[in-house]
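Okay, handing you the structure first.
Here the chain labels run A, B, C and D in written order, and each chain numbers its own residues starting at 1.
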């Protein structure tokens, strides 16, 4: 089956999730990826939305993280004080899914503003739960389009800090490939590319001298099952370019 | 109708409560007094137990502050974090009812230990919610027996501090009379005595030189209604001596 | 109390006001009543400004915004918010921005009668330059943590399912931070779907006693296009349409004219 | 998991353990199983030691007690607790004592992954001499407040109405501080009245997900002589009888003999 890079991004993001994990999910691609994972290789995956719905199992893709569908299918619905203070902050949620308008070589993220804060070119939505997700979850999965506008040498605003305490890891899934940090290094490293994408092409779209793994793998294309389930979810996430 | 001083204590304590108030109640005499008030002159009195039962309306006297009767008749049952942090601490509860083994001239209370802490003559139950009740409620009603053992020049242990910030007031109801502090003075003052009790008798049972109001009133005996309702509540609080 | 009278008497120009409700029970009818009454110079407080504050900002009610996430959930930007921030239209908008966890803890501190709350977060980000954030040191471990000041709005407005005749309120479904928002405020207004003789505790029900509520207004559908769990459904189409309406000042102006022409429709 | 196995594997001699439940859902069966198994040198943590800790202290399980109110509610003293403190019988008992608000906030801090919590209280009293209490200064107002360190028991044990087959737990009625006590602990054990196929959220229901619980034991009447809202009633008579039983070492010894002779009765 043919597929586009937006679909592959979602599939690759879904593959980061394991069956015994809990994941804090936002709307858009994170929801698609998490629900795809739960419908394929990770049926016991615990989906948590920051609206307070714990172990949600939606039949359709939610437009908002507070959709009635999420509350109705959850094991438990808790208040915002509970979700942020009792669940997120102590690190009880394994994986956090984030997006961003800009990322730097360390994996720090900007979702606040493009341009100067007081004279913005583009005012973005802001922090939401991202700063605490970034610091509290053991694993962070970031999805964003890969370009020199998004992979920048210096963020216009640091909204969320990648954990630099030697704990936790980050996986960045773009429409060109996969970058990772881990306990050993505090800099993103290109570890895989999408089919047909060369390392040079990724470097061209990255605003700093890219660190490249010794053996860059090629990302496996979506399986027939992955594509079928993904497409059955409806309301496809936007293509990223 | 004849009555004993234990009954009069409860009646006088009940008279401190007004219809538009909320009161934090413990078991024993406070429960009797608060329920008596609610059944007589203060039908809208809001009874709150520190177990988290808000606006309880028990049919019988609870043995424990967590009796099922309290939960079943309450407008709302909240967690301990809520009752202490959201309700008590910000001063949302008007009146607090306390007992004590010792009281000093300022109205500070000891419910922890008689004798030295490390070598106690009597180990008492301890603080419970009393320190925060004493500092958070606008009005404190204390009931305790009047004797030189309870009205002491120096507490063996300061468990709860009477508000000395110029806000709030304290009424102490004993089996001999009524003492009060108010905004104007930071020392308990005898303002009323029980029928047949002279000021000298109260002074004899007080371990410091008692401050006495210019006009010491005589406490009105229980009305027939007060006595009737009180006796209908059953499980009479113990006589205090 | 009719909504018109409640907003008229409880919300003053210049107030700090929180219309709370996280993704659910958003008190749209009350916000639109504030627009109709031409309220001005408000400090709008809310974790997720959402369409309700996009509308109020576009209508010129706001002087300042205290928030943590200003997007149209699942759709994109809040264009009126952006126009105010990027182009000072219809007026400049001062921003104070936090993370969600920061805002939640600010409400908790307010509800608890404490001047501040402690959390892990903010450190190393650029947020402290545009927030009120401080530091406290743990007296036991020496660890340095972030502190955020209590929120104490002049008025909090929420929407709930039910009130009884004494004015006790019950809400259920996603509970958000509404209890804390009401308890942290000097005054509070609750719009409800239904007035009942007696509240029956529901699964997930949160009850707020009458003595912490200044006014209850009976406003069925008062959360539309948001929703009221068990009563109304979320109008996802309107959330998408708002993207178009709000994108141009002209289309927004027409929407606003329709809204203010409808004055008196609510009760 | 059978209670005998759960206590055997999750509770170690020398542990800091909280058997929580405020006036309701007190996990008596689990506490008595710890007595039967002769657990030793425990740091017992609990707001209201109640009869459950009076029994464990009298039986010699405890080295230390962290608490806020040590009475027999509505009845009087906890005589075994007093005998341990006043006469070091059967062993000396170290005390750390707080107010209720302090203990609650210590659990909140533990559940929140923070090293401490802030409250108004303690100042001017003699409690700080016998507690762990510190001070913090508000970075915004300069006000000095009390700080209490997080509680982090090795094990928390609670009793609840229901668990489902996945191990999710639901309790309702007076909820106390059980959720926080479970979340603050390294390990947790829940005894339940009933195992159900699927949990149905109840009015006032609090659900704790399976992944924060290490073991669930099916123990009907596991809270007696306390009670389980909707299942069993409080045995007020036993609370009064305990005053007699516990008043003398002899009567207590006979009670203890009967308890340990009953070994294996629970499942």
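FYI, contacts are C-beta pairs under 8 Å (C-beta built on N, C-alpha and C of every residue); 3 or more make two chains touch, one makes a residue touch a chain.
Worth saying up front: this structure is predicted, and the values here are computed from it rather than measured.
S.K.: Just give me the whole-number Å value for how far the CA centre of subunit B lies from that of subunit C.
M.R.: Subunit B and subunit C have C-alpha centres separated by 41 Å.
S.K.: Report the inter-chain centroid distance for subunit A and subunit C in whole angstrom, where each centroid is the mean of the CA atoms.
M.R.: Subunit A and subunit C have C-alpha centres separated by 28 Å.
S.K.: Round to the nearest whole Å and give the separation of the Cα centres of subunit A and subunit B.
M.R.: Computed value for the inter-centroid distance: 58 Å.
S.K.: Residue numbers in subunit C touching 2 or more other chains?
M.R.: 108, 113-114, 119-120, 179-180, 201, 204
S.K.: Spell out, as numbers or ranges, the residues of subunit A touching 2 or more other chains.
M.R.: If we look for residues of subunit A contacting two or more partner chains, we find 85, 89.
S.K.: Based on which chains are in contact, what kind of graph results: line, ring, star, complete or other?
M.R.: other
S.K.: Taking all chains into account, which pairs touch?
M.R.: After working through each pair, the chains in contact turn out to be A-C, A-D, B-C, B-D, C-D.
S.K.: Please output the residues of subunit B touching subunit D within their complex, sorted ascending.
M.R.: Interface residues on the subunit B side: 27-28, 50-53, 62-68, 70-71, 77-81, 84-85, 88-89, 112, 117, 120-123, 125-132, 135-136, 157-161.
S.K.: Which positions of subunit D touch subunit C when the two form their complex?
M.R.: 113-120, 132, 134-141, 143, 145, 147, 149, 200-205
S.K.: What part of subunit D is in contact with subunit A in the complex they form?
M.R.: Result: residues 108, 111-114, 168, 179-180, 183, 199, 201, 207, 209, 211-212 of subunit D touch subunit A.
S.K.: In their shared complex, at which residues does subunit D touch subunit B?
M.R.: 22-24, 47-48, 67-71, 73-75, 77-78, 81-82, 85-86, 97-101, 104-105, 107-108, 119-127, 129-130, 173-177, 179-180, 204, 206, 227, 229, 233-234, 236, 239
S.K.: Contact residues on subunit B for subunit C in the complex?
M.R.: 22, 46, 54-55, 75-76, 85-86, 89-92
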